[in-house]
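Listed after this line are the structures, all set down as structure tokens.
You will see chain A twice below: alongside chain B first, and alongside chain C after that.
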Partner chain A sequence: MEEKGSLKVSPGEAVGVVAAQSIGEPGTQMILRSFHAAGISSLITTKGLPRIIEIVDARKRPKFPMMHVVLEDSVAKKYESVRAIWRKIEEVKVSSVLRSFSEDLRSQTMTLELDREKLASYEITAHQVASKLEKREATEVSQDDNIIRVKIKSKDMKSARTAFVHIRNASIIGVAGITKALVQQDEAGVFFITTAGSNIADVMMIDGVDKWHIYSNDIFEVMRVYGIEAARTLIAHELYETMSDEGFTVSFRHPSLVADTMTYTGSIKSIGRHGVAGEKESVFARAAYEETVKHFTNAGVFGEKDMLKGVAENILIGKQIGVGTGMVRLAIKKDELKKVKAKE
Partner chain B sequence: MGEGKCYVYLDGRSIGFVEHGRRFAEEIRRNRRLGVISGEVNVAYRKRLNEVRINADRGRARKPYIIVENGAGKFTDDLREKLKNKEIDFNYLLRRGVVEYLDAEEEENAVVALKPDGITRATTHLEIDPAILFGLTFNVSVYPEHNSVGRHAISANFIKQSQGLYSINFNSRYDARAFLLYYPQTPIADSVAYRKLNLGKHPSGQNMVVAVSTYYGYNMKDALVINKSAIDRGLGRSAFFRTYSDEERRYPGGQQDHFRVPAATTEGYLGEHAYSKLSEDGIIEQETPVTEGDVLVGKVSPPRFLEEQTSFGVVEERNRDNSVTLRAGEEGVIDNVMLTETTGATKLVKARVRSVKVPEVGDKFASRHGQKGVVALIVNQEDMPFTKDGIIPDLLLNPHSLPGRMTFGHMIETIASKAGALAGTHYDGTAFSENGKERVDMYGSVLEKYGYDKFGDESLYDGRTGKQFNAKIFTGIVYFNRLWHMVSLKLQVRSRGPVQILTHQPTEGKPRRGGLKFGEMERDALVGHGASLLLKDRMLEQSDKADIWICKQCGDVGYFDFVKNVPVCASDGGNDLEKVEISYAFKLLLDEVKSMHILPRIKLKSE
Partner chain C sequence: MLTVCLLPYAYELIPEHELVSASEAVKISKKFGVPIEKFPKILESDPQVAKLAAKPGQLIAIHREDPTGKYIYYRYVVRS
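And now, the complex of A and B:
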């Protein structure tokens, strides 16, 4: 309390309510569905209110994961070397270079005819495809120019069938999960790569990628790779950016507080019934939000106690709330008061 | 079956095929015009689906068109002359195949010309009048083709809310709610539809002198400044009628209500004063001034439940007071009282209360172009702006209301009515009128003839300072309606008042003298401000504060025994209780939780 003057926020300020109002009010004006133009050079990401809901609900995976890969200074300005990195990132599957294929379940062989033009566009050879497939277990691969024959050594037809599907989905080059990658250039002429799909751990291992500046919008993946503090920063940043993109200026401390509330336990919790709101200590506060009867019956069964400390409970019973002007109390002890009087 | 052939549907049901759908449809049309087939049959050929749809069922909206043949409408000048002289009528034209009705489906096949000079080789029909493009409602307005469509919809809403001479026999009607304008006028600018509907016989507005001007910031957008002297002369003045009715109901068991002045022993007796205006029969007399809370019809009803027998024998039944009182916040004079019988042979009373509603701050007015405004200031005549001729506007309209809404019709009406007032004539403002282009110029020339600016602008002088305004101000006459949204019927305040029985919280709504809701978002706003004591005031002190006794031993809710003068715990019967100030709604919640077989115990701690 003594430090009052140097604090950014006064003691007793209802920061949570203010943050909720500051994010919630512009939220009512945001467009429910934003349409994105189908372009070649742009990647699809969730924007506007749907994205905010996605973050706040703590969805395990964003609808459109996305990465922003910064390259090391030594390569970032050379297009050829950037292209080489790009080729290592974008995932090319067997199916995307296929011209046609046939399956023979009796002999358990699959014949793949590769498309020369497609191979050329990805700058890979049929041999590369064959050698990639050879690494699979219990498979025999024979290559004849652009025709590849794969024989599965399995006992039953069912596993052969699933193997055929797996072969078509097998990745030849690139990082798993990156469906598309684009090389882009900023005003300073520095190249960078944006991707659809996120896989930080694998992209990090590629030479020439700046390991310290990979950005992903997949909050849970960021938490797995970099830890909870990074996830916290990402939540706050994503909330802030989503709102700024729509033209709403929100003070950064509000999304920051939301991020703090979601992550302070060390794991990511959603705002709402299954997360922050559902784990409140007070029975009354939980019952006031959702599933009233459930909370009361549970409280009855387990003999829960409500210490009546929070805001919602105190409004309910009609007591002064413990924020703002309601948190200050007279701090003079009765005995001290007597001493003062005695002096006089 | 029927491949490549054209399906034929009658009233939506497939009835067969024809080879050439279009020709088939044409043939039906030809026969209809000849009178072989009923004129109520419509046929449409759907080219894309290659099918013919014949409709003869009821409930289709249909519209008449003049048939065009060989590049000319069949309604010739000769026929027009005959129709004028009443030698023939509209049905004659229908029978002779001059005019026919099309439904929505057949319209898709028609190529309709708006005016005779718009007829091309493809044209099949001609509009009877281009104004028919708008419906009846829009055509009642003037110069509608100059306004944006959205304004028409708004205007239509306003017109049905306007006060006027709504019915000639208003004096013998007992409408639940009725308004009657004191001096209704017919508009100077009107339209064909207005005249044909005889709306001038029961007009609903007044021609007001309107200047498009500001007035010391009092007429912000959609606010009006009104001339007090004009109001004193009767501008916008109206009578408001409200009918209260009641009947002597019969109840099972042979009991019934009685109209009478209730005895002081009656349950729910409102006090001697409330019944003072009733005559002997318990019904109020004509021309009695009444105010809020006065009883109009005294009525006693039998008790709701049969009285239980006590050891003293049958107790005399206490009747309930069930009188009709004047609504909260209203006053007036009893206009008329009617005593009659219902179909159930019970006595029925209807009492009509009349009150004069003089325009005041907060009342609503609107022109016929969706331009509404609320009276913001009433200014004495001498303080209003005036022209060199000494003309003082009745109304000041804020200039902001014009450009954004693009109601050019309003402005044209302004100069048309001004010209009409000078020339002493009515002007026609029907949509798409033949001389539409020259109309505005004509009004301008009339204005010039009488020495006014042809654009309707005038030099105005400030009534307060006498100085001439720098700009010329657009001044003219506009037909304004007074709408029935009036403050005197809506204004409500509460400092103390009734509370709900269940929650002990204040009631809601004007008829119950209720408070204004302090909702969840308002609550959050106070929490956000940290205004904890204000929040407590709203949620507790001014709402459902209650003193509840809590047992210190078991934590259950108890009560105070006034006979023994001690608090008693309902659970353990002890007397060690503490009085606690909580919201009654919380006590109610505890009761409900108890009803779920959960016992909440409250542990007290002294501060």
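And now, the complex of A and C:
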């Protein structure tokens, strides 16, 4: 019991500085590489320092979004049913089953010649493609075996041209945003699916997918689907795991504190000029970091006040900082003092 | 081989959210010596807040569990 109490952080401890150093120091030793050996059955993900920068900068999308989907027990061991789910996940676009295509802007028609082998490999028929395209607005589709003619009813050539591009990028089957999906098997013979691209909300709705066992590395998407607390947990875990992978084990409190700081406003803020550091209350603290002149001019124009409560501004003016023993203030009870003096 | 157990899945990511009553919120605010408006925020549009049907101005207790232990974190609901 004594031991547990000694691990508690004492009041006034500069936890932020300790966290920054604990993450920053190993960061200098981390190898600056963004790729892992790319094999056939593994997907590329960002690792090491680039991944940490990606998290801390709060990028809207990770460079290589990925998902890890676990299936319900009833289907997880049957390869055929797992494959059927995989079909529903991987997105197949019109362009990936095309053999050739031609566009006629004058008559506003597009002729698509589908590749039979590619169609067979994705297990889709030309009819499926045609019926999918028919659902689009202001289009007329006629199908003849593997030739599909699409007529667009639009006023001008420009919108017809954009419609042609949209048709080639239209998805036939699968979940939007999932560019690749792989079926993998663990030691126990249980199948699971890893994907390149992330779309939690849509994958969750597929039958046979265990909706509580989805992992995604897209922090903003996790925030949209599960909420800010889930995003916070993910930030802390990703920072911790990325560092552990490189062989640097830090105490979990440090990434945890970073994650708390990034999410305390209810949405994800980056650490740095446009986020936490740029929104500090103190003018001096902001000016000491980056864009000094900008902050001083703005403060001058708007008559900002600096309460000198933080660390940076107190160092700047040469005052004692409010950290550790510097936090303690002495106060004298004047009445008591008078009593003491009277006695003397 | 992939280290499956290390990935935080959805059910591990979302800690339990609980609505705090107004009287309890006063006690908590006294305990920390901070008015509840200055607590970390959570948006009204947040899926977990929507689930609890919490209104702006209310306090939410989050029961977190991580390698450092079990603890309760509080967030103040704000308009998004």
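Rule of thumb we're sticking to: the second predicted complex is superposed on the first by the 318 of 344 C-alpha atoms of A that agree within 3 Å, B and C clash if a C-alpha of one lies under 4 Å from a C-alpha of the other, contacts with A are read in each partner's own complex, and residues count from 1 in each chain.
Methods note: a contact is a pair of C-beta atoms (placed from the backbone, for glycine too) under 8 Å apart; a residue touches a chain by one contact, two chains touch by 3 or more.
Predicted, not measured: the structure shown is a model, and the values here were computed from it.
Legend: residue contacts after superposition of the two complexes on their common chain; A:Val18 is shown touching chain B, with no touch to chain C. Once the two complexes are laid over each other on the shared chain, residue contacts for A:Met157 go to neither chain B nor chain C. Of the two partner chains placed by the overlay, neither chain B nor chain C lies in contact with A:Leu337. Of the two partner chains, neither chain B nor chain C is touched by A:Ala138. Applying the stated contact rule after C-alpha superposition, one finds that A:Leu105 touches neither chain B nor chain C. When the shared chain is aligned, no partner comes close enough to touch A:Ala201: not chain B, not chain C.
In the superposition on chain A, A:Phe296 makes contact with chain B only, not with chain C. Once the two structures are overlaid, the count of chain A residues touched is higher for C than for its counterpart among chain B and chain C.
Judged by the touch definition given at the top, the superposed model places A:Val225 against chain C, while chain B stays out of reach. Put simply, chain A uses no single residue to touch chain B in one complex and chain C in the other. Chain A meets chain B in the complex at residues 12-14, 17-18, 20-21, 293, 296-297, 299-300, 311, 315-327. Residue ranges of chain C in contact with chain A, taken from their complex: 1-2, 4, 6-15, 17, 40-43, 46-49, 62, 66-68, 75, 78, 80. Listed in rising order, the residues of chain B touching chain A in the complex are 523-525, 527-533, 535-536, 539-540, 544-545, 581-583, 585-586, 589, 593, 596-599. Interface of chain A with chain C (complex): residues 68, 70, 184, 186-187, 192, 194, 200, 211-215, 222, 224-230, 233-234, 236-237, 241, 251-253, 256, 260, 263-267.
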